[in-house]
C-alpha cells in the first residue's frame, strides 16, 4: 500500500489539487468562510516554515509569529505609508525579513535546545511590544488599515476577489510544498535531519551545524514573512494582536497535529484547525476547551499527527499483506532449497 | 613512510581526570594503528580530540601536513578525518538510506544549492552495492535505522564512513557486540580501507583481532602512552601486562 | 518612590520565583518545559477567589485548600500531560501537550468563572506609612510567604536527604530502581509540589491584580527568570526571577510603554552574552 501510494503520489497530488480547485466554491459557499479558508492557506505557508525548522531540523521555535508580523507590517508600511507597488512590497517584505532573520538567527542559534526556544519566545514578545506600542510606524494598538489589493496586473487580489485569492495562495502553497519536498530529498534535508537527531554525528559527517540551522531559520522566516505579507493583503489590515506568543504556539500545534514530518500532513492539519472552529460554531463556548484536550490526546495517541497515523496504518496493512503472501510462497522457497 | 596524522604532546583533562597526558601518536597511510588500554584509559577521548569533538587543552594535532588543532570538527571531517562511535550514532528518526547518503554527501561536498538543483554527485548506488556485498546482509532502505540489529548498525557505520572516502578513519570498538561472522566482515571492511590507502586507528578489546590486523599498537593507561610498538613487542611489554593485570583485581 | 519600586519589584520577583521554582523542578526531574505553568498560576488565583470570596472562608483555610486542590490536580496533570509521553521519540510532543493543556485550562476557567476579571478582597488590609509613601501590608505578606516557600523548597531539594534522593531518582532511573524507589512516585511528587508552588503564587497575587485569564502570561516572566538565573538550579531560578521583578519595576523610570520589552531584551542579552545564566555552568557534551 505504502509503495503504491509512493508510486502514484504525483498523480494523487494532481488529483487532489484539481478536486480542491473545482470543489472549493461549492464546498465553501459563503464569503466569510472563504476568507477564513484564505487565512488558513496563509497559515499553511507559515507552518511550512516549522516543517523545516522543527520537522527537519528539530528546533522548537516561537519566532514564527514575530517574523510573520514583520512581513505583515512591512507590507502595510510599504503600501500604505510609502505607496509602493503591491507586488514589489510583497517581495521586499519577504527579502528584508530574510535578511533580518540572518542576523537574528546568527545570534539566537548560538543557543541550543531549550535555550533557543526561550530566546525565540523573547524575540516574539519584544516584537509584539514594538508592534503594539510604536505608534508612528506600526499604528500602535490601531494597527495599519486600508492596505490595498495585491495587484497582479490582470487581477486585483483582495477580499472582493477572495476565490481568486484562495487559488493564488493555494498555488503558492503547492509550490512551497514541492520546494520543501525537494529540500527533504537533497543534502540540506539530510544535514538538517542529522542536526535534529545527533549534533555530534552531524559534526563528524562534515555538517556545519550552526550554519545549517541558520539556513533553516532563514527559510522558515521567509515563509513566515510571505504568509504575513499575504495576510496583510487578504485582510486589508494588520494588527499586533495577530502576532502573539500564543499564536506562535498555535502554529506549532498545527504543524504537530497534521504531522511535523510531512508537508501534506501539515497542510491538512493547518486548514482543518483553521476551518473547524467556524464549522463547529454550535460548540461555541466549548470549542477551545475541547481543542486543548484534543491536542493532548492527539500527542498521546498519534504523536506524528495525521500523516503519521496514515503512514502507520498503511504499514500495518503492508505487513498483513506480506504475511499472507509469505504463507502462500513458502512452499516455493523450500523446493528451491535456497538457504538465505 | 607516509605519515598522515600526528599528535604532539596532546593533553586533555576533565576536572580532576587526566584523559590524555602528553600523548604522542602517529598514524601512517594504508596501515592500521591499534589503540588499546583498559576501560577509562582515554582511548575514546583521543578519538574525540582527533576528530575535534573535544578541544585539546594543550598540544598539537597535525593532519596531512596541516595543523588542525583549532579547526572545528565538521571541517576536519571535510578534510578527511572520518570516524565511527563506540555506540553507533545515527539519525534515529531517518531512513537507513538518508543515513548512509550523508557519507556520500560528505565526499561530494557540493553545497546545499548545487544539491538542491540536482547536480550529479558520485555514484552512491554503485558504491553502496560494493560495500553491501562485503557486509553481506540486506536491509530495507526505507526503514528507520533503529529497526535493524545492533551488529548491522555497527557495520553500516563503517560503511557510511567508507562512503565518504576519508584519509584517516577512526574506528571505536567495531567488534564489540558482534558475532564471529560479523567480525570477519568488519575485518574485510578495514582491509578495503587499507587498499584505499586510508590510515586507520582501531580501538579494540579483542586482542586476537588487534594482533592480527594492526601493523603497530599504542597502549594507553590513565591517559598516558605506556607503549608504542609492533604487536609482538606489545604483548611482551611488562608495563602493558601490569596495566591489564592490575585492572583485574 | 525608589523604595516603593523596590518593594513592588521584590514582591513581583517572589511571585515569579514561586513559578520558576516549580518549572525548574519539573525540568530537573523529567526535562520538560511546562508551558501551562502560567495557567496553573491563574488557577491558583481563581481558587483563591472561589474559597475566599465565593465561599467566604477565612484566608488560612482558603490557602490550605488551594494548595491541596493543586496537589491533587498535580497528580492528574502528571498522568495525562506527561506520563503517557515520557518515552515519545519526539520530545517536542510533550511540549505540545503542555501547550494544549494551557489552552484547555484557560478555557475551563473561562467556562466556570466567566470571561470578566474578578476582584479579590485583600488578605491583609491596610498599609504602613513609609518615608512619605505607603506600603501595603499585602506586599509584605506576599514577600514573607514567598520567602518561606522558597526556603522550604530549597532545603527540601538541595539540603535534605529526601529531596536529594528524589532528584537523584528522577535523573537516574537505573540507580533509583536499585534504591527501590519507583520513578512514578518521585515524578508525581515533583509535579504536586511544582503545581502547588505556582498556585500559591497565584493565590498570593490575586488580591493585587484582578483575577482573569491573562494571569497565565505571568509565566513568561518566570521563564525569563529561569534563563537569567541559569537553567537547572533552584537557586538560579529564584535569583533570576527576583532580578526580573526588579528590572520590571525600575524600568518604569525609563519607559512605561516598553516595560515588558525591556524585560525580554534583558533576557535576550543574557542569552547572547552569558547563555548559561548567572548560576549555570557550561557542560561539554559526551561523545
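A, B and C are the chain letters, set down in written order, and residue numbers restart from 1 in every chain.
What we mean here is this: a contact is a pair of C-beta atoms (placed from the backbone, for glycine too) under 8 Å apart; a residue touches a chain by one contact, two chains touch by 3 or more.
Remember, predicted model here, so these are calculated numbers, not experimental data.
Because contacts link each chain to all the remaining chains, their graph is best described as complete. Greatest Cα centroid separation from chain B: this falls to C. The largest tally of C-beta contacts between two chains is found for A-C.
Taking the mean of all protein C-alpha atoms as the reference point, the chain centroid lying nearest to it belongs to A.
Per-chain CA centroids place chain B at a distance of 47 Å from chain C. Between the Cα centres of chain A and chain B there is a gap of 40 Å.
Each chain gets one centre point, the mean of its Cα atoms, and the points for chain A and chain C are 32 Å apart.
Counting partner chains per residue, chain B has residues 53, 85, 92-93 touching two or more of them. Shared interface positions of chain C, defined as residues touching 2 or more other chains, are 89-90, 287.
Counting only residues that touch two or more partner chains, chain A has 200. By the touch criterion given at the top, residues 182-183, 186-191, 193-194, 196-198, 200-209, 215, 261 of chain A touch chain B in their complex.
Remark: chain B residues 14, 44, 48, 53-54, 85, 92-93 touch chain C in the complex.
Residue ranges of chain B in contact with chain A, taken from their complex: 51-53, 72-75, 77-78, 82-83, 85, 89-94, 98, 101-103, 105-106, 108-112, 115-116, 160, 164. Listed in rising order, the residues of chain C touching chain A in the complex are 27, 33, 35, 80-81, 84-85, 88-90, 92-97, 99-108, 111, 220, 223-224, 227, 231, 257-258, 260-261, 264-265, 267-268, 271-272, 275, 285, 287.
Those residues of chain C that touch chain B in the shared complex are 89-90, 284, 287.
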